[in-house]
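Below, subunit A partners subunit B and then partners subunit C, in two separate complexes.
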Partner chain A sequence: MSVILSIASTTLGEAIRRRVLLVILLIALGSLIIAPGLSVLQPRGQQAAITSLTMGIIQMTSALIAIVLTVYMIPNEIERRTIYTILCKPVQRWQFVVGKYLGAVAALGMMIFFMTLVLIFVTSLNSGFDIARVQELVKGPFMYFWQMAILSAVAMMFSTFVTPLVNFFLSSGIFIAGTVFSSVFQSFMENRGTNELTKTLASAVQYIIPNFALYNVQNPIINPGQEIVNEFGYYLQSVGYALLYVVGLLVVAILIFDRREV
Partner chain B sequence: MEAAIEIKQLVKTYKSKIGDINVVDHIDLEVGKGEIFGFLGPNGAGKTTTIKILLGIIYADGGDARVLGREVGDMAIHKKIAYLPEKPYYYEHMTGIEILRFYASLFKIKDEAKLKGLLERVNLANDGHKTISQYSKGMQQRIGLAQSLINDPELLFLDEPTGGLDPIAHIEIRDLILNMREEGKTVFISSHELSDVERICDRVAIINKGRIASQGRLEDLLKGGRYEITASGVPEGLAKSIQEPDTLVSFKDGRLIVDMPDTTSPNAVIEGILAAKGSVISVIPRRKRLEDLFVETVRQKNEEEKAGGRK
Partner chain C sequence: MRIPRTKLWTLVGGIFLAQGAIQMFGALPLWNQNYKPKGQVSSNLSPDQMILAFAGMREMIANILWVRADTFFDQGMYDAVLPIIRLTTWLDPRAIDIYATGMWHIGYNFTDEQSRSDRRYIPSALALGAEGSRNNPETYEMFFETGWIWHHKIADGFPKAVYWMEEARKRPDLPPARGNILSMAYQRNGELDKALDLMYKQYDAAAKRVLEGGEYGDRNQRDTVGNNINVMLGRMSQRGAFAKPGEKPPVPFDTDPKFDVGFTAQVTIPEPAQLRIRATWNVRPVGTRVRVILRDADYPNAIPGGMVWDATNEVALDPPKNLTYMQDDNLFFRNRRADKTIDMSRDPTMYPLVSDKYYLEFYYNPRIAPPHIQDKFSWSGEGMTAKPEFLNTEIREGQRVVFYRMELTRDMLRRTGDWLDKVPVFATPYFEEDRVRNTDDNLIQVPGILAEP
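Right after this comes the complex of A and B.
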């Protein structure tokens, strides 16, 4: 375990110093700060508009950071030959992959945490500090963290065998498909009029592509009138779903990387 | 002598558009424990590929390779070996001592005094707190050597350890490698710096296009030095009277130049020059250098291949 933690902490240290990620984070933090000003133009209630916009900023930024951070993780180590000095020591390849992944997720978690702090600050500045409201707000970034943990695992899996550029598009594509088309596949599966072949295909896609839409819990946060039935159970199930996918994707990544010539 | 590395008929093939290419082509090699072994060859000859196979980073397509008595890939080997790659990169945000702590943690070593001792050993005791981004190329190479010594390895693989370094850094690294021999470590060096190899290695192998072109003890391979005798005031007819075997005689700017093997005494030639009323200007013994052997071997193998087609 100490080997994995060493690799993870070194990865975290390097990730939080990567300029491109810091620039993305700074732009996001700036956007979160100026978001209340932009909401004046919105026809909907100001509070709802601010929340909707800031949640969107956090989610998009987190997705971008998750992909940019992870697609280079293994290719960079190979290109810079750091991997050779690590793998020639008593380090198994699976420990290397898991360590890199945990480091990336830790960096991602740290960045989401900063954005959440700014979100709380901006919201409190706009409508006063309300602990109940803060508790509601943090549910969004909490679920985004798990969503991005899956996305990072997707990108990590691809990074074991494709180039960073291809990985960027593949991971982005899977994120979009898992976010936008998840309900479409679901309706195919549930519609009685759909033929069996389409149902089977939709079902297969539904299992292969993670359902990122599960983690989009912003609607009840934006509109306090809406509620998630059995909220705790829903969150617990979603976290379990994320862990299951992460483990599955890392196993595939390890199996590929284990035979890969670096 | 007990073997630290044993390679038998090792093959590594890569697929390309023009067909399969044997990057390592049935090589046999044995390196004894405590030896400093030079692994030489032109770019793309298969040196780094062979090292990567021995480290278990890539996999052979045929043959057998054993390191410290165990099959390559056995994780137990990794506790006893070290590798310094060519132009390595270390995490630039970390300091020298942090780099050593990181690599030590991979062996579960927490001995801070040992790490400081390593910094001293590579002359970085006063620079351990600086980040790698502040290190010169030579300092980075030295921290690389320090990280490779963390586990007190029995066998070290050094890929171009002195490449691109200034003369001072060059000498420092060379001395560090020589110290390793005194400690009884086996060192496997891949290098283009032939003068270094000549000074520090016990044995060498020259690999060309994936095949071992020549290997042996340096003193055996470099046997066959020559004398170059230069004389003036010698009649041209004297040249015909010099009949020593494997001897080249020429006249340049009125001077006689005799190039003869050092296995033959030059006395007879010198006496002949003096008897002909000539003056001996110089007698220069020329030792065969590794560079000569390297160029000669690689050229010869390439010519053989051109003449006969690759077998």
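Right after this comes the complex of A and C.
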């Protein structure tokens, strides 16, 4: 376990030192700060629009960070040959993969945490500090964290056998498919007019591709006052789903990386 | 340590099965119930719009689009606003202001050169209102707005106005003063007891708020409703609403005897797509407006004097281009006569006139008459009569209305074929052009401060 934690902490340190990630984070933080200045919107919808914008900034930035952070992780170690210095020690390959992943997720969590702090600060500055509102607001980033944990696992799995550039597009594609097209697949499955073959295909895709849309819980945050049924149960199941998916993807990554020539 | 590959692949298989089960039977149904965006985003947006929309900025994009629509409003580019209304409400189904403004825009703003609105859009406006109320059921606003379109713009189908206003009143955020309009809708629907009962409830609620230290608005509401109750009781009494069947009052009700409105009309088509209407009406006080409709004889969902306006659920951005439906609610009578030219020639897209056969209808319903006219005719035309050819008690249940229909052809309206050199002239029975001039007979007696005791 100490081996894994040691690799994870090193990875976290590397991530913090990477300028590209810090630039992305700074742009996101800047955007969050200036977002409430958009006062040209319709008066009543302004609060909803600003919350929607800030949530969107956090989600998109997190996705970008998750992919950029993870796609280079293993290929860079191989390219710079630093992996030899690690694997020649009593470190198993699976420990290396798991450590790298945990380090990436820790870095990601830290960045989402910073963005959430800025979100709370900016919101409180605009409409006063309200603990109930803050509790609602943090649900969004909390679920984004788990969404990005899955995305990182996807990128990590691909990084064991494809180049970073291909991985970037593959992971982005799967993220888009799992968010944007989740509803489309679902409407295919539920539409009575859809033929059986299409329904089966849609079900299969929905079943296989990680459903990132499950972590988009911002609707009631943007438009408060909606009745939420079994919220705790939903969060429990979603986190469970994320953990299962992550474990599954990491096992696949380990199995592939185990056979790979480095 | 050697990795047990087979066992691990089996584990992966098990994990994928488990995640699928959690997703399909646990998390996804709850997500659909709690968090899924309402509306029809996924099936109506283009892929690029969908990507932005699902990137978590739907409301933001909707707002930016709506700001753009404002520019189009200012420039008078009303057509360009329509797709934006549709797109923004798909993106943000909670945008009540966009729904309400969109309804108003669709229902009112597309007008011809003489300021008659394009009634072919009304079903779309109502469908948008219904959609907005479905997507925002917790607030009164879209219910009220939809009811208002029925009450004010359509001014027909009175039970529909009552339905939407009642739905609005079920919501606790309805401002008290807006609740008063339901009482007016009840009156138009002939439900006088309900109208009065609601007034009392409104009064009691306002009086209670005043006692509890209410604000100016509460005192104002209490006084307004109190005044409305007085007026309503007076009107109901004078119009015979409290009379028992068969009872003869010591003083005749204002609705006795029935007054013959003396409606007749003549229509000429002096130029293509122009109707000159001259009509008689014996009511001397101003305030009478007769509805004139020219429509395709087979216009879908049309009924005498109007239409089943909410027959569709579709918000169509284009009205049915090959259909004609002209409605002018403003054939206005002064000195007991009206003379108006309805010019449709400058708006061929609004009035395509491509069908072979048309109906020209005259329709008058006391339910929407101003109070000083209703004082004689009462709410349902109890004090009104007309020649048998015009008086109708069938097309609107429980109401005595004036209705007359003429049949016209495309050649007549376009002045083509046999009508190239002839001016079509049609008149209702009894039409005498000189009759309305300088005669003092058949005048209505409206009670008031100048009336004889």
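The definition used in the following text is that the second predicted complex is superposed on the first by the 253 of 262 C-alpha atoms of A that agree within 3 Å, B and C clash if a C-alpha of one lies under 4 Å from a C-alpha of the other, contacts with A are read in each partner's own complex, and residues count from 1 in each chain.
Throughout what follows, a residue touches a chain if its C-beta (ideal position, glycine included) is under 8 Å from a C-beta of that chain, and two chains touch if they have at least 3 such contacts.
Bear in mind that the values here come from a model prediction, so they are computed numbers and not experimental data.
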| item | value |
| --- | --- |
| Fit-or-clash call for subunit B and subunit C when the two complexes are aligned on subunit A | fit |
| Subunit B versus subunit C, judged by how many residues of subunit A each one touches | C |
| Contacts of A:Phe161 with subunit B and subunit C, given as first, second, both or neither | neither |
| Touched partner set for A:Phe121, first subunit B, second subunit C, both or neither | neither |
| A:Phe169 touches, of subunit B and subunit C: first, second, both or neither? | neither |
| A:Gly13 touches, of subunit B and subunit C: first, second, both or neither? | first |
| Vertex subunit A angle, Cα centres of subunit C and subunit B, expressed to the nearest 10 degrees | 160 |
| Which superposed partner A:Gln92 touches (first subunit B, second subunit C, both, neither) | both |
| Touching partner for A:Tyr84 - first (subunit B), second (subunit C), both, neither | first |
| Smallest separation in angstrom, by C-alpha atoms, between subunit B and subunit C in the superposition | 6 |
| Common ground on subunit A, meaning residues reached by subunit C in one complex and by subunit B in the other | 92 |
| Contacting residues of subunit C [partner subunit A, same complex] | 1, 3, 5, 8-9, 11-12, 15-16, 18-20, 22-24, 26-28, 30-37, 41-43, 47, 50-51, 54-60, 62-64, 66-67, 92, 94-98, 138 |
| Parts of subunit A lying in touch with subunit B, wherever the complex brings them together | 2-3, 6, 10, 13-14, 17, 80-92, 259, 261-262 |
| Subunit A-facing residues of subunit B, complex | 52, 55-59, 75, 78-79, 81-91, 93-94, 102-103, 105-108, 144, 147-148, 151, 157 |
| Parts of subunit A lying in touch with subunit C, wherever the complex brings them together | 40-42, 44-46, 48-53, 55-56, 59-60, 92, 94, 176, 179-180, 183-184, 186-187, 206-208, 211, 213-214, 216-220, 222-223, 225-226, 228-231, 233-234, 237-238, 240-241, 244-245, 247-248, 251-252, 254-255, 258 |
